[in-house]
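First chain A sits with chain B, and in the next complex the same chain sits with chain C.
Showing the complex of A and B:
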């Protein structure tokens, strides 16, 4: 009979536990506590219940749990929270990660396959985590004659640029990382960085397949940027603003897709091309050039590029929602927060629990976020769908589509906008 | 605070401009050029004109730099460049640059730039559009005509008709 640990001794086991406890305590006292106090003293603390939050008060939530909510709420107003968690990186990363899994499973169902099945008990739900662990633990192999600095920097820059794009998307009223006046131009400027990073990464790999893929990616992205910009000019003409929050707020009665269906279609097609999705996935055409510009990337470098691609997908879907589908606007479906919990607290038998600081989120913010997520998920579904249905198109067809048909249609869209404006239907004095 | 940002931007812009000129690798040179152009976009942001800054990023970094990269990658540089190292030329060039900079700086400092109040709010881009459509309309129409002429010419030049026995293919 085999034993898991043949040399097991209870006394040594207890000793090892005590050792770990001792060293943890020592390290916490010597390094952790001074660090906590330095951080708490250096960072400017918010005012809660009329008094400035000192480190001592901040640590009192250990004894008084009712202080947690005000502290959390004060943290949520900081820029750090916006950038790292809610409308920014964390939220987008969550949607991006779920998109990867849903895409694989949905493709499988469309093509009558099973898809991820074994990892995790329920329909392969842990597959993504397994893939991530695999990518992290894999060795990163750099080609011998590659240009190392650029090769290392390109995936990181790719994710960084995608995160900058995400930062411009407003999720709910007032909930946006960077609320810039020239939001759409900022989007234009940020998208312009993707082809540079792609071609640099492709060149740095010093290999045939990545280079061909990189050049394809370059001309595809650069030539489809022009119809992309032209397609939302109609909305800009009618609303008279470039700020994405104002554009979203202007659609409280109807989304702009009602008046600009042509613009929305152009935007959607150019979005597919910018994202290198099928039927425009020439830069990554796996049957011709292995994996295109991603061929030489391995391990977490590949993982970073994939992650950046899906962040970009979320950002484009969010942009479509904000410009054409009404952003966060929608009927109020979130019930108002019960007022008696705020005033009286929750009664549990003889005990009454007071929760100062409720409600954490306002009703508008929750409702806006729910509508935004529903619409964005819908758009992502339609971005994924062609992958299971269409074949890849030829290079010359792609360029012909971009340079002649889409740009021409975009001008038709702009003239529709001008017509609506001068006829007095939209704009000052009109419906809106 | 603006001073620290100004200094950092100056260092980035001038440093990468020098690097763009001096680097032996053309790819790194064009990356440095991108840094220089991006630094100029930062200056526009400091000068409260985000509109121009975004166009600087989109057009110069996003398109012109890509064009340069593309050209550099597709040609073999041994075929077009021959390295000529000449110390005297270099120093004459630096001296010329200094003379240019000093005289330009004198002209600019003399032009009343010191009397500008600096706490004005940022110029709204709608005002730029209004100015274009009212006072500067001839210039706008001229620019529009030139640009559309250039685009039409480019389309005509790039057009390729595939014909086989008098029949269109594709």
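Showing the complex of A and C:
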């Protein structure tokens, strides 16, 4: 006899509800509350109305809603928020996820297809979620002779390194996770990890196709890092700083691409190569070496590498915007926050509500973020576009391009910068 | 103790540690239903051994157990995208054996169907050539534009790929009403579309720099190795069965053959594309010259028998000269049917082209030979 559905019993139902309630309460009290207190303990407590905010005081927002905004603002100044949400991982992940969707739709339109269509009511907008669920639920198969710890660690390290790269990108004035004075050098330190992780993963898989793909990735990344460094030395010479926030701030009147178009072009080409995108997707050339260094990765390990790749794509696009396109600078398009809401409050019928702590974000920050996102999305569009137009190039052509043409052009760019500096047009004491 | 004899490619290479053996296929995105055993030294290919035979179906043996008409549906299976051209030599041979006279209208319709089918095959081939070079747009565009001609063939024959349209004594059924106008319109649009491929693919600087001067097959080697079709014409030999030994009504139609001198991967990929434009020209010409009405098939006796005789016929298929040798011994079934396929002839050139090339040139060189694994295995 097959049981399709057990008979409904009210007592069983009530018992199950009580069970769930009991366990929820127990877990909340034993784990949830201590966790909240630990988090609140780590965060530096702000001073509100002359008293230090304690966790107990923080809970009083249940009784006094006007305390919410100061607490939220205090939370936003913490490192935890910057790393996890904005402008760190959460923000980058959001842009990376939308990049994947936009790329699939755009390629589909270019190739006279429909693209993702059925998942989600609107043009397959939930496709990415479905793909993620599929990847998570898939079995992870590891080759029998693989070096298991390294094989597991490589995708995680890949995402970690990409996230470290994201942390260096300033999004708005003052809004950057790691505002270091040697920002550009730190970028290179981070980029230098990618070939190591790639070759570790390829070697650990103990298979022929990943090995060839890993060697190709190593060639490509190492030989394109040099033109990448040289391409923005021009900007560094003129601005005299390696700090990315200062480089962005120095472009308040015009972006550096006006004076260094050659550098920008070199940077863009090397960026495509570092990101392994068509026409430089040799490490993943599927008709030659199956999927290159990703061949043996399965399930969420593959998903992690893909996610890391798109994080890296966002970070590179952001770096291009910061160095050459003026970062957050742009005409003020955000209206100022209405002053009477701060002074008088909002009229809601007979009641006048006061919200201490408004405005949450400053006008400059909102404006800067909007311009940064607009420019970054534009750059990402141009990174995606070659995929629909170009075939893949060959290893010898790639190395020839990197070592002879791009490095030569990069030196031309440096001499242009030196010329502008010594002619007194740019730099300290210059015309601009 | 004797060492076990391993199949080629699975043997461990101890002689030289620098050499790595790669099995490209049969489960590899860069091979068809076949295996290419490639030995590489760094990025250079030092030895190459194509290993076909994974999809052998015994079509020739099957043909000895069925009568001349029942052989039609299964003999077209080796290349389902080019099914009319695969059947063509068989049908021509059977007609000669049985002494059947085909009407003029049927001959013209056969030519139209064969040329449409050649384009359908070539578009599929071109799509895979695109994706082998990492050009995903060139995969999607031909796959989509191919539908135009598949729709036409569906109107003609009732099936999208395996048409079974040519039968001994003519064709299976007449054209539907108003077919000429629809065909002309679709073919004109199709020609306009394939001319656009020049911008995105054939004139693309990266494609040209990747495929030019790679896998060069000289004129002498092309003749010596016995290659046919687009491979032969790309090496500078002006040979086309439609011109040299015209069958049906090809001698009355106005078209040219395309020849390129260089013999490299690029020329081999460009010739089929130029041939498609000639096919459009043939179709337009045939539609104009075709008798507007008349019978399209000769009535056959049940179980027709030939005499003690043999016949060899060949046609120009999408890949090259495709021959069919039929021996009859006064029985309803043929004594022997032998297909001489162009794919296998072109594959012979592969080891000669790949040695000394870079690994990155392998997919483009392999697929530019216009090779269809299922046809080679039969």
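Some points to look at:
As a working rule, the second predicted complex is superposed on the first by the 407 of 432 C-alpha atoms of A that agree within 3 Å, B and C clash if a C-alpha of one lies under 4 Å from a C-alpha of the other, contacts with A are read in each partner's own complex, and residues count from 1 in each chain.
As a convention for this text, a contact is a pair of C-beta atoms (placed from the backbone, for glycine too) under 8 Å apart; a residue touches a chain by one contact, two chains touch by 3 or more.
The structure presented is a predicted model; accordingly, all values stated were derived computationally and were not measured.
Once the complexes are laid over each other on chain A, chain B and chain C both fit without any clash.
Looking at the shared chain after the overlay, A:103 reaches neither chain B nor chain C.
Touch criterion met: A:278 reaches chain C, while chain B stays clear of it. Looking at the shared chain after the overlay, A:296 reaches neither chain B nor chain C. Once the two complexes are laid over each other on the shared chain, residue contacts for A:391 go to chain C alone; chain B is not touched. Within the superposed three-chain model, A:186 lies in touch with chain B and out of touch with chain C [touch as defined at top].
Once both complexes are placed on a shared chain A, the shortest Cα to Cα gap between chain B and chain C comes to 7 Å. When both complexes are aligned on chain A by C-alpha atoms, chain A residues 396-397 touch chain B in the first and chain C in the second.
Chain A makes touch with chain B in their complex at residues 147, 150, 180-182, 185-186, 188-189, 191-193, 195-196, 199-200, 203, 211, 215, 218, 222, 225, 240, 242, 396-397, 403.
By the touch criterion given at the top, residues 107, 110-113, 208-209, 212, 278-279, 281-282, 285-290, 387-397 of chain A touch chain C in their complex. Across the interface of their complex, chain A is touched by residues 27, 31, 34, 50-51, 54-55, 57-58, 61-63, 65-66, 69-70, 73, 122, 125-126, 155, 170 of chain B.
Only residues 20, 22, 28-30, 43, 130-141, 144, 200, 204, 206-207, 209-210, 358-363 of chain C touch chain A when the two sit together in their complex.
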